[in-house]
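Presented below is the structure to which this report refers.
Read from first to last, the chains carry the letters A, B, C, D, E and F; within each, the first residue is number 1.
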Amino acid sequence: MEKTHLKHKHGAPKILNYSVLIVSDTRYLEIEEGKKSTDMTIPVIKEILEKNKQNFISFQIVPDENLKIKEVLLQLIKDKTDIIITSGGTGISKRDITIETIKPLFEKTLEGFGELFRYLSFKEIGSSAMLSRASAGIINNRIIFCLPGSPNAVKLALEHLIIPEAGHIKKMMKE
Amino acid sequence: MEKTHLKHKHGAPKILNYSVLIVSDTRYLEIEEGKKSTDMTIPVIKEILEKNKQNFISFQIVPDENLKIKEVLLQLIKDKTDIIITSGGTGISKRDITIETIKPLFEKTLEGFGELFRYLSFKEIGSSAMLSRASAGIINNRIIFCLPGSPNAVKLALEHLIIPEAGHIKKMMKE
Amino acid sequence: MEKTHLKHKHGAPKILNYSVLIVSDTRYLEIEEGKKSTDMTIPVIKEILEKNKQNFISFQIVPDENLKIKEVLLQLIKDKTDIIITSGGTGISKRDITIETIKPLFEKTLEGFGELFRYLSFKEIGSSAMLSRASAGIINNRIIFCLPGSPNAVKLALEHLIIPEAGHIKKMMKE
Amino acid sequence: MEKTHLKHKHGAPKILNYSVLIVSDTRYLEIEEGKKSTDMTIPVIKEILEKNKQNFISFQIVPDENLKIKEVLLQLIKDKTDIIITSGGTGISKRDITIETIKPLFEKTLEGFGELFRYLSFKEIGSSAMLSRASAGIINNRIIFCLPGSPNAVKLALEHLIIPEAGHIKKMMKE
Amino acid sequence: MEKTHLKHKHGAPKILNYSVLIVSDTRYLEIEEGKKSTDMTIPVIKEILEKNKQNFISFQIVPDENLKIKEVLLQLIKDKTDIIITSGGTGISKRDITIETIKPLFEKTLEGFGELFRYLSFKEIGSSAMLSRASAGIINNRIIFCLPGSPNAVKLALEHLIIPEAGHIKKMMKE
Amino acid sequence: MEKTHLKHKHGAPKILNYSVLIVSDTRYLEIEEGKKSTDMTIPVIKEILEKNKQNFISFQIVPDENLKIKEVLLQLIKDKTDIIITSGGTGISKRDITIETIKPLFEKTLEGFGELFRYLSFKEIGSSAMLSRASAGIINNRIIFCLPGSPNAVKLALEHLIIPEAGHIKKMMKE
């Protein structure tokens, strides 16, 4: 999309550190029960970060539970991570509580991320884009992106919105 | 727009039940005073639902008053209705209070509906799209769409966002 | 963009009164210290308003401080101003507090302005559009647009969203 | 307590209309299952109102469910009731949701009622007074008192706070 | 009450600056219409401050209107005032909007002031104490006390809560 | 105070587990710099719990920083702790942020604790009681009491409100 354009604007891409938090009862249970993980999001994130010369620091998997999500998120915020990606729990079913859990912790909300993510999704998948409640915000000088659980959604957000702006965001938050 | 695309994605369309709540002092007074209704939204909704083989269950007309809107809405939520459409009271004049009245009752807010509705409106009618505060959210496993009072706006929302996703939404909320 | 279209829709443009509030520590200090102002936004606003036969009433420059912003804003709201434009302090750095300061004063929030502004910005500048928290809302029958500090952003908002709808908004708020 | 004192202050007591809403899964199930009600609060309320020459209009029993409470409350608000008393669901267990349900509907909250009710309870029953979240507020020119489910608590609130001030409140809200 | 006790605790009383904001349509109209003011609160405040060797800086009278209250309050916050007293508009009638207007501006709310004020009022006037929504909070290192419009209420708050703690508060806010 | 009375009411006291979180820049720095701690609150808490045959599980000391407080609190919530006591940071100076940090995490707020604590403090120390913002609330079936940093305040809260009700609270939250 706007990639060539953005490369010019921000100069050489900065190398930043990314941590990932998968929010999913299903994925969590697979691990608890020693089963093979059916997660397809982590490999997609790793591949995109590698291709863009970004650092993948760590991932963790938590169930759809308010306190577990908060606890891991607050640990990540103390780490050397620059960007935190959560994936899963942004839909409209009762178990989807990632947004309800994380949004009240944001010091600043970045409404524009959710809007443009849904606009780009709409171009790709049509009206079901409106069912995602993807959001982004700032806690303690780190930016948190709450993405849906599907690999395609994560790819769209990373390639078209997050990675092109990550260096820019880091610079702004230092000011 | 994305219609062909969406038909493939969701398989055969589900038949759902729709109820309509017209919010308008003018329409309400016409009925109170025994005059002929000048409403042009209900026929449009009926026609679109029929064409798409959806069930139109009922409509009610209430004035722009907080407690009357809440009371009818809470009745509809107990009915066999799957989707509740309100029409009117989403603008910026002092009498427009539909959004102020209904939004605090949402258990989950679907920001994406308002955003994509305004994006699609912008394509059709230009900058005045920004004056609509159309919203959607979930109360008690039912989804409520708060639409403007104009037949064109209602048509746009139903054909491009609500009907294509209605079956999908119902399935997700059962999970 | 939609300009020809909108001219037809709203008839002859209305002449309205605009006041401007620049929110910027840097610009404020320049004045305090008797230096030449490096502001490039005010001339852009003046020129666009003139070209569109709108009245530029006044401008003021305040630092990025909660109480100073509120105080000047509340003075403007008592004036004969129809439209208040703030410029600056909508980004994500710690000093950016315009949105945090003004949003809680809104009687109605116009989500659609921020959304469509970011959509139009995205078309122009790509993903960095998501970093702006531009917003609009209503206080005491006046509409306040909180824009970024860059001349390009202000130009985009004025030409494509604010001026085409200003007459429409004023009419609606009288109802 | 302050009774003699208050009688002097407000002159002859006004006769007002009271409706009661019992919020309790247990009481609701007794009725559903055709069992004898074990409720002991309604007779206490009736007796106190009678003794004070106040009108007991009606009572209803609902389970501890958000939407059922809201629906009955909104019906009562349209009736000729002056004062609405809810009893039950003000404690700290998970099922206690009366306060969470009703407080967001208050146009004005009367913090003083809860405070003085707990102060008076503390004098009677000691520290467990702090576990009640009794509240009062105003919706549509009616005052709603949310009381605990115990007959003693209801008696304390009615005799020492509600009945002495009811006429005063009604007069003030007309102003 | 606790006065002797408090004198010991805080040592020699500090001399602070007080400004007063009377919020009342009636008082405001009297002035507008050139009538003799029927206000009885300002003389009471002046006398108490004088007796306690505190500085009375200024008073202003505004109607019960959101924007006028906010505007004067924000001016006072820039002055050399230490303590701001508002009087009036804390009751439960529709015109009483002082609390709704000022509370959202508080950086910190001092719940304890309202609670103890109502407890002391209850001891003096009985149950009608619960109808006052008196509050206190902090904006920009100044403390604002929102008191009822009656001279007795103002006297109670000043003598038993505000003046004994004023020096203490000022010292704490500098830390 | 009401102690004899309460012993009768709740039967034999239950033995519960208590954890303590001291919130204080000063205490935290003493430890960081290897100095002798000047804390006088922990010994008071230990002694009172011992005298009342309650279990003191652990204490931690954190600086007055939002994220550090949240992180330790969320760890305690996963432990076998029944009651969490925080001490410090409840005053009105800029560094006092315990209440701002913890209150948004409460699932239920127990207004009655703060009210009755301030009422009892008022009886002991007079008007300065109003400067404490002590609060209590529930997160994940645990009750958190946010107390001031002074040994006297902690003693008052534990002996007159927390310990007498602890068993009662635990029982209610299981229901």
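What we mean here is this: a residue touches a chain if its C-beta (ideal position, glycine included) is under 8 Å from a C-beta of that chain, and two chains touch if they have at least 3 such contacts.
Since the model is a prediction, treat every value here as computed from it, not as a measurement.
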item: Chain C and chain B - chains in contact with each; value: A
item: Intersection of the contact lists for chain A and chain E; value: C, F
item: Chain centre separation in whole Å, for chain F relative to chain E (CA means); value: 31
item: Centre distance in Å when chain C and chain F are each reduced to the mean of their C-alpha atoms; value: 47
item: Interface hub residues of chain C, defined as touching at least two other chains; value: 115, 119
item: Chains grouped in pairs wherever the two touch, ordered by label; value: A-B, A-C, A-F, B-C, B-D, C-E, D-E, D-F, E-F
item: Residue ranges of chain C touching chain A (in the complex, touch as defined); value: 91-96, 100, 114-115, 118-119, 122, 125-133
item: Complex contacts: residues of chain F adjacent to chain D; value: 1-3, 5-6, 9, 108-113, 115-116, 119, 136, 138, 143, 160-161, 164-165, 168-169, 172-175
item: For the chain A and chain F complex, residues of the former touching the latter; value: 66-67, 70-71, 74-75, 77-78, 104, 139-140
